[in-house]
Structure formats: structure tokens, C-alpha cells
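Structures follow.
Presented sequentially are two complexes of chain A, the first with chain B as partner and the second with chain C.
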Partner chain A sequence: MTTVRDEIQKETSTVEAMPANETETSLKTAGAWVQLNDIVKLYGSTPAVDGVSLDIPPGQFVTLLGASGSGKTTLLRIIAGFLDATSGQIVIDRKEISRVPVHKRHIGMVFQNYALFPHMTVEKNVAFPLARQKVPRRARKEMIAEALAAVHLTGYENRLPRELSGGQQQRVALARAIVARPRLLLMDEPLGALDRRLRESLQIEIRRLSRDLGLTVINVTHDQEEALTMSDRIALLADGKLVQYGTPEELYSNPSNEVAARFIGESNIFTGTVHGSPRGATLSTSAGQIILPDTASAELNGNEARIVVRPSAVTVVKASAAIDQSVCSMPGTLIANIFAGDSRKVVVDGDHGSELIVRMDASEPFGFEVGEPVVLTWKPSASLAMVA
Partner chain B sequence: MTAVIERDIELLEPQPDKAPGFLARIPRPSFFSWIGIPALVFMALVFIVPLVVILTKSFTDPGPQNFSDAVNSGIFRRSLWTTIKMAFFVTIVCLLVSYPYAYAMARGGKLIVAVLLGALMLSFWTSTLVRTYAWQILLNNTGVINKTLINLGLIDEPIQMIRTNFSVYLGMAHVLAPFTILTLYAQMRTIKPELEQAAQVMGARPSVAFLRITLPLSLPGAAAGGILVFVMALGFYITPQILGSSRDTYIGTAIIQQVQVFLKTGVGAAESLILLGIVLLVLLVAGKFIGIGRILGLNKGE
Partner chain C sequence: MKPGFTVKAIGLLMAAIFVFPTIVVVGTSFNASTLILFPPKGWSTKWYQEIFTTSKWTDAFQASLKVAVLAAIIAMVVGTLLAFTAARGKLIPSSVVTMLAVLPVVVPTVVAGLGFYIVAVRIDLSGGVLGLALAHSVLGVPYVFINVLAALTAVERNVEEAARICGASEFVTLQRITLPLIAPAAVIGGVLAFIGSWDEVIIAGFLNSPTFHTLPVIIFGEVRSGAEPSTSAVASTVTLVSVLMLGIAAGVPALRRKKLWRKS
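Let's look at the complex of A and B:
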């Protein structure tokens, strides 16, 4: 744990050392340092959150990623103070805040459906946190203008929320969340209700804003693409437990277990028993022998293990092609060839019952027919072995 | 992306009227609206026909002087004032009682909502007459409340509760509160709980969040429920008659008197029409501000 924290802090300091961004604004704050210690939330005897500990260094953008029912929203609501944890501590800047009521936590939050006050204009909405936090009247005007400028909504002060489009409402919610300069911003599926194009542009914008302002952000989403795009770190949750906490690259290239591998990106997963020495060990599966990567731990020997192969690491060759014995191969029948713009997704029905996915560059020629027998090959080093 | 936003704005702007011909603007009834025909016929028979009869009587039995007779009747004028005052106070009591009730129903847990809704429905399903007599049993000089207080030695003489304004307001509020509860509840259901949470996250104490967010957003429902109850209270007969003092005459009683005691059906009819006129006027004015559909619960309060 300490090593992880040290490493995180090291990285944070490099983040902080980055040159200031283009937006010069007084909205800038030092982000909060958030620590969650063994948070448990029970409903009856069922845990919604089951012993989650997270260390979120100042200024980081962390995404709580998980399917519905994974406990990510519950966890966010506990941090905001809408729910009390059954046990565990929430420490913000070394202060335990579990007993602090919601309105004294000084947190910014963007709600899933924006939660804009329908009877107030954009300006009144954004002024609300300032008025509640006793910001002098004279200072408010400028702070509101600055917050609206940060989300590119200058000139919309006197509109009512219902006169705005979804994306604009989202921006107002964002302006309202940052106007009082919170050091921690919580976002509950902030882009869920928007269409794809708007979502993507807002992802970039929110990321830019959070970096410019320097605040710590905890974002909840079930969308792995959003998590990969926006986050410094992703906390992957499943069934209330923390599955893996790391950078998007780590989660993608080095998933700690099958759950992580399945959730982040597409995966071909094989299960079997490991035989042989660490070097050149193989996994005996119902689909045949698979060579383990050199990096596989010696402890796997003789045990049940899984091998994860990303679709982009797999190559399709003709069934008649000669195959190098040092690469893994798996025969099958090509059952689908899906053109997806920048990539081509190929689905192959393995001869032993499994369905395998291959991703390839769409610009490369594709010389196979649906229904044709093919062989899939990949380098052992491109795969990942883990305990089953 | 700016293009996307601009397009969104464009959609929000009102589309210019194409100015169709007058006939084209009358919506053609859809197939499904024919289902409403039997109900329309029924309403015509049981409502419009008697109304026409009353209208005719008021002008012809014996003549239009019915209206001047009605207006010149001291009893009727006093009853107008008594009734409007009663309706006003009943509305206030209804709103005060209903607001927390409706709020609890809109925000409470399953159990609380079930209990509150059950009590409400029970009250709805019980006849007004029975509920009014129940109050009489409670409030009589020899009623449950007075007897209990005397037996406890707290009072020597029974407190006069029956046949006072107090008993009328109480009984009327009891009978009419379900209507304000339901309109307020309908309105509060449209206020998302996240709005209060958002207010709290932004630094508002729960009481401030309520005052700044929930209360203003629920006011249209309160206004609608208040108007509905006010209008209904104006025409109430049974409850003021049973619980009220014989010295206070309410409109309903005044009309009955004209018909049954003075045998002046025409004047009674004129008085009914004046009452109807007052009700329509209230609805018209209120409808201007909060929309008639909202008062009658036809549209979702938004």
C-alpha cells in the first residue's frame, strides 16, 4: 500500500509541475487529498460497498468505473454525504469528515440529470452556492461570469434551464459545481444523458477544465471509454469491491484479474491448467495448448490459470498457412466480419466451442470469406496470464 | 460541436406560424375521441339539462326580479359573506394540514407512504355524512372529547365546540383536505429529490434547501389545491348544516330556505346561479394565473 501511495505521490508531483494551462482564471484551487479507508455500506446484510479503500492524491481525476450494482454510485453518495457508511472513514485533507453534514463539506457536484433548479435562471442557479456560502454580494457577479466563461456559456445568464439544450444544461451544472471553488468535484454519470458526439467533446472539455482548475475530481461512470479517456486513475468496482485501481494504461494492459480484463476493453479469455517450467510453460485448455508469456509467474505452475489475449494482438491467417511453433494458434471458422470505421472486428468460432474476437486495422486488405476455416495466431508475449 | 449546440437552440425557438385557414385549425376529432361521446351525453343529461331548467326558472318563475329579490335578501347577503369567510379559512387549514402530509407522501419510505395513502383513501371512501356525524359525536357537549375532559377533571362545564365556526372549519377541512393533499402530492412528485440534494451540496442547510427549492416549486400545486378546495367549500351544504350554528346561514342553507320554507323556487334558482357565477369567476381568475388544467388535476404540474 505504501509503495502504491509513494508512487502515486511521485506522479502527482510531476502533474503539478506541469506548466500552467492556457486558461488563466481565479477559479484555480489546490485539489483535495481524498482517502477512503475500508468503506462498507450494508443494506440489511447485503453489502453495497464492501471494504473499499482508495487514496486519491490532490488534483487527480479519478473515475469509479463499474457496471450497475457495482457500488460506484453508493460510494460517491457516501463521499458527498447523502448516505452514511456503515463503517470506514472518509478523510479529506487529513480530516475525517464522516460526521460532517452535506452542506458543510464544501464539495462541488454534478448530478446525473444536472439537477438544475427549474425556477431559477442560469445566473441564479450559478449564484446559489455563492449565496449559501456567504460570498459577499459584490464578489458574486464576477465569480459567476468567470464560471460561465469557463464553460463557454457567457450571455446565457437570463435563460431558464428549460430553454437550454441538454449539453448546455450540463455546462450550467458544471459551472454551478465549480463556481464556489470547491477543492473536490464529484460527478455522477455527468454525460450519461447526452448523445455520443456531445459526450465526447464534453469529456475533453471537462478534462481540460479540471486540469486548469487543479481540483480533485471523482467521476462515476459505467462507460469504460469515458473512463479511459478522462481519468488519471480508474478505480474498477464490481459487487461493491474494488477490483483494481490504477492508470487507464495499467488497467488495459495489465488487468489484475478476469473481471478487470472483461470490463476494460474486449478480451479473449482462456482457462486451464498450467504445465511445465516458467519458461515455455503451457496452459492446457479444452481448446488446446496455449503458450504462456515469459512474464507469467512461476507460482502458476500446476495451478488453474487464465490467459487474456486482447483482440488487437491476434492475427488471422489461412488455415493452410505454415505456423511458427513459437506462437500460439487456435483454429476456427470465421463467422462475422464487421466493418467499424477505423477498425474491423472479426468473430471466429473456435473449433472447441469458444467464440474469439480479432480487431484489425480497417485500412488493411482483408482476404477472408465468412464461413472460411482460419487459424488465429498471437505471440505469447502479447498475452497475459493470471490466477483463475 | 458548436454546430450541434446551435442546432439545438434553433429547435427551441418557436416555429413561425404557417397561418392555416380557420377551418384547418380546428383539430379533427381522432377515432379515439369518439369514446368520449357516451360520457358527453350523460353529462348533458344530468348536468346541462338541470342547469337549463334552473336558468329558465330563475328568469321566468315569476320573472327576472328573482335576481333583485336574491340580492336584496339580507339572509342571502349575510350567507354569502359567511360562506366566503368559511371557505377561506377552510382553505388555509387544508393547506396547512396537507402540506406536510403530501411532503411525507412524496419523500417518505414505502411504509410511510402506504400508511398515509391508506388513511387518505379510507377518508375518501367514507361518506361525507358519516364523517360529519363522526365530528358531531366527538365535539358535542356530551360528546367524546367533553366527556373525557370532564372525567379527567380538567374542566367542569363542557366546552362549546359544536355549532361554532371552529367545528365547521374543522369538519370541512377534514372532508376537503384529501383534495389539497392529492394536488400537492402530484406537484411534489415532479420535484426531484436531487434538487434538494444539490442545494445541500452547495451549502444549503436542509431547512434552507426546503425554503429556496422545494417550497417555491410546490407553490403552483398549493395554489391549485387551494382554489379547488375554496370552490368546493363554497357550495358545501351538509357539513356546515350539521356542525354549524343555526345563527350562521351558509349559501346552501339560504337556497334551501328559499325553496322549502318560502316556496320561492325562482329566487332559489337565482341564488344558485349567483353561486355558480362566483365559482366560475374564481376559477377564471385563478385559471389565468395557474392554469385551469392544473387546478382540476388534468395536466402534470411542471
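Let's look at the complex of A and C:
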């Protein structure tokens, strides 16, 4: 808890320390501090959200990541106020807001299908939140112009939504969400309906915008790549529970359990029993002995455990090659060699029925044939041990 | 599939059969003689002058117009409310509401007319604009209901949620977002309800009085007691108004688009 507090203080102090000349837009706000305390949402007796607590420091970009049915959208809708939590508190800037109606929460939101008002021009769409929040008419014009400029849509004021492309519509939705300077922005799979290239350029744009404005963002997605690219922190959800909450690096390099390891990036996972020995602990699996990393906890000794090895940490060598006893090795047969542009994906059929993946630099020469027996090796320190 | 020659021929023949009576009526309305003849003998617009100056016709014209407008307005309000109940209500199952709203299409008009007559006489609403307008509005409700229900289903829930999170209360959301989005559908339904009332003769026949009758009722009476070309002229005018109203109904969405376009 103290670490989070410290980070908040750090965040706040950096915001305060921001030099004045960087404030080129008056859309800038201080982000909201969002705390979710033990949120539960039951449908009948089935929990859609099962006791999620999150502390989101001001100005952070947090992604709720999870497969469909993980409860991420339900959680977002509870924060927005479209759904009532069965129990738990939503605290924004130290104020409990569970009983505040949607239209008084002063939150910005972007929806997957844009949800623009089809009978209103772009300008009217963006003006809508200002009119509702009784912003004086004189001030509106400039705020609208600023919001549209922020999403690069100046000059589109009099278009109707149906005259715009999907990407443009989503940018209008973004302008509408930020125009009234909310301190919290919610995004419900905002890029899900767009094609890949547009999605990537909008990811960068949204991230730049959220940094420039300083607002807190809670983004929902099932796309791990999007989560890794955009987020300060990722909250990984599965079956309504919070699996892990941390920076993209933490989630990738130090997944707290198998669910996290499988969801973020590709993984080779081995299960077995840990045996301590003078040379360091090993995991006995059906595929053979695997050396545990030095960092593995002593508590694992004698217990069931899993080892996660990222495909990029694995090297392919000839079956005949001499192998250093200090590295882990696993024999198998090369069954696929997939060229993927920037990387090469190699699939190896382990001798004991498991399928293993190797990622290597595509520019390096690859001297193996499909069907050839090979050995996969990796340094124990590149793997991660966890309780099964 | 491209229609073959036979299909086209049958289509054209059917169209001719449907349009022919109207052509005959319009043609006879320009007769110079006092007999309804087709093709017309001589050419004259005197019957049109007559119907627009004789109080028998102008009174009926006014009665028809008042009834149709009132019926259309009531149908728009009730049909829209029923559509909201069917689409959004939680109290009554939407299938029940739909059944109720569409029932007037199924009930034979003679039966409905008799029913309205019995009730209207009992509560002293027979022989007046309000009584007939109420009865006609019932016939118009299904048009409005079906149109508005379709429009309401097409309004994405997210759009209303977006309005809410932008700071609009439920009432403001209804007023600024939902109603404007379904308004064209309600207007089209209302126009259809107007047309339905405008040429309705059975219920209007039940609910008329010596001093109150609508155009179709008089036309029907004239035909039975020996009509003059003036009857044809009235019938032609009635048709023209119906066609014009239908044109409005078809033009509403296009007009809307144009209005918004012009601003850009």
C-alpha cells in the first residue's frame, strides 16, 4: 500500500513540477485518482466481477485486459455508472460515487461503436457535453475548436457522422469525450472496430493525447498488444477476478501465475515437481529435467511448480551439438519454420508430446530443415518458476 | 434474378388494372355534361368550381380534414408511447404490447365501426369530429407503432449512454437524442394514419349525423342516389390529397438530409 501511495505522491509532484510553457492547450487537467474497493457484481448467483480492488494513481493510463467474459467491460460500466455494483466502493478523488447518477459523474467515455449522435453534425456532437454542463455559450466555440484540433479534425465541424470514416468517427468520439475536460476518461474497446493500421496510429495518438492532457484513462481491451503498447499499467482480469496489476514490463517478464503468462505474450510452460539438489533445484517433468532459475523460491522445493520460458529466450541447436550442463535443454523435432517479417517463429515437437515455440531474429541465418531433430536450449535465468 | 418478359407483362397489366379506376374517375370529373361519362364529353372545370363553393362539399372537406389531422396526432402520440413500452418497458412483455397495438389491423372494420358506434352513442360522442377522430386514430396506431418501433430498435443503446455520460439526464437524453431520432418514423406513421382516416368510409358512416359527415361518406351517398361529375371531382381531390401526403411521407427523410446538408 505504501508503495502505491509513494507513487501517487511522485505522480502529483511531477504534475506540479511541470513547467508552464508545456501547457500549450487549456484542455489540460489534473487526472483523477480512482480507487476501486472490492467491487462485486452478481448476475443471479454468478459473479461477473468478483472482488476487484484497484488503485489507479492520477494521470495513469490503465488497461483492463482480459478475454471476453473476464468482467472487464462490466467493471468499466460500473465505473461509468451504467451498472450498479452488488457491493464495493468506487472512490474518485477520495469521494465515494456509487450513488452519483451517470450524468453527474463528469467522466468522459469512448465506445467501441463510436456512439456518435447520428442526427447531429460533428460540431453539435462535440458541443453536447458543454451544453449539458452549462458552459457559457461564448466559451464553447473555442473549446470545441481546441478539442477538434487535438484529434486533427479541424474543418470537419459541419459533417454528419455518416459522412466520416470509422477512424474519423472515433476521433470525433474522442473529442466529445475530452471537450468538457473530464479528469477521468473511460474507453470501451475504442479501437476494436478499426483495421490494424488505423488501430496502431490511433493507439499512438490516444496515448499522446492522454499524456498531453494529463487525465487518468481506464481502457478496456482484449488485445494484449494494444495493452502493452498503450498502458502505464495493466490490470489483467480472468473470470471476474484480478489476476495481476502492474506495468507492461512486470506482466511480461514476471507473470504472477500461469493465466498471466499465457495471456501476455507467447509462452512455453512446463509443469512438474521441484527437487532441490546441490547444483540448484530442478523440475522433473515428463519431458525431462529442467534447471530452475536461481531466483526461484526455496518454498517450491518438493512441490508442484511451473516454469515459464519466453520463446525469444530459447535457442535452437543441432541435435549433435555439445551442450553445456549449466543450461536447460530439451530435444525435439522441428515441425514448422514460419517467417513473420521481423521475426521467425519456429515450432518444435518436444519428444514428450509438448509443442514448443522459439522466436528468433529473422535476419539471422537459419540452418535447419523441417523434420530435423534439434535441441532447444535456454539459460535457467531466462525462465520463471511459479507455484502450479 | 432478372424478370422475364412474362413477369414484366403481368406486372404492367396489374399496374394498369390498379390505376385504371382512378383515371376513369379523374377523367369523368372534367365532363362538360351533367352525366358521368367516360371518355368525357366536352371539357370543363365547372365541377371543381362547384365543389369548392358549395357548402355541402366545403363543410365535408373541413370535417374530413379536422378528423384526419386529429386522428393522425392522436395516433402519433399513442403509437409512439406503445412503441416505447414495447421496446423499453419492463412491466408488460413486448409481445403483448405489440399484439395490442396491431390488433386494429386484424379486427374487421365493420365490427370495429359497430363497436365504436355503440360506445359513441352511449357517451354522446357520435356525430362529431372528436368521436370519429378517436375511432380513426385507433386505425392509425399500428402504422405509427410499427414505424416507431423499428426506428427505436435501430437507435443504439450506446448512443443514449453516450448522451448520459456527456451529462444529460434521462429526460434530456429522451428529448435531445431519442425523440429526434425517431421523429421521422413517427411523422411517416402519422401521415399514413392521416391517409387512413381521410378516405375511411365504414366507421365514418356509422358515426355520421345529418350535420356532420366526411367526404367519403357523402361520395358514397351521392353514388347511391345518382351522382354528378361533381362527385368525381371530389373523389379526384380526395385522391390528390392522399397522394400528396404520401409524397410528404416519402420525402421526410430526404428533406431532413437536405436541411442538414445545407448548413455545411
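Just so we're on the same page, the second predicted complex is superposed on the first by the 362 of 388 C-alpha atoms of A that agree within 3 Å, B and C clash if a C-alpha of one lies under 4 Å from a C-alpha of the other, contacts with A are read in each partner's own complex, and residues count from 1 in each chain.
By our rule, contacts are C-beta pairs under 8 Å (C-beta built on N, C-alpha and C of every residue); 3 or more make two chains touch, one makes a residue touch a chain.
It should be emphasised that the depicted structure is a prediction, and the values quoted were computed from it without experimental measurement.
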item: Superposition on chain A - do chain B and chain C clash or fit; value: clash
item: Which of chain B and chain C A:Ser165 touches, first, second, both or neither; value: first
item: Touching partner for A:Met109 - first (chain B), second (chain C), both, neither; value: both
item: Contacts of A:Leu198 with chain B and chain C, given as first, second, both or neither; value: first
item: Touching partner for A:His119 - first (chain B), second (chain C), both, neither; value: both
item: Chain B versus chain C as contact partner of A:Pro129, first or second or both or neither; value: both
item: Chain B and chain C contact sites that coincide on chain A, given as residue numbers; value: 80-82, 101-109, 111-113, 115, 117-119, 128-129, 132-133, 176, 180, 186
item: Residues of chain B defined as touching chain A within the complex; value: 1, 4-5, 8-9, 11-12, 192, 194-195, 197-206, 208-209, 212-213, 216-217
item: Parts of chain A lying in touch with chain B, wherever the complex brings them together; value: 80-82, 101-109, 111-113, 115, 117-119, 128-129, 132-133, 163-168, 176, 180, 186, 197-198, 201
item: In the complex with chain A, residue positions of chain C that touch it; value: 156, 158-159, 161-169, 172, 176-177, 180-181, 260, 263-264
item: Chain C contact footprint on chain A (complex, rising order); value: 80-82, 101-109, 111-113, 115-119, 121, 128-129, 132-133, 158-160, 173, 176, 180, 186
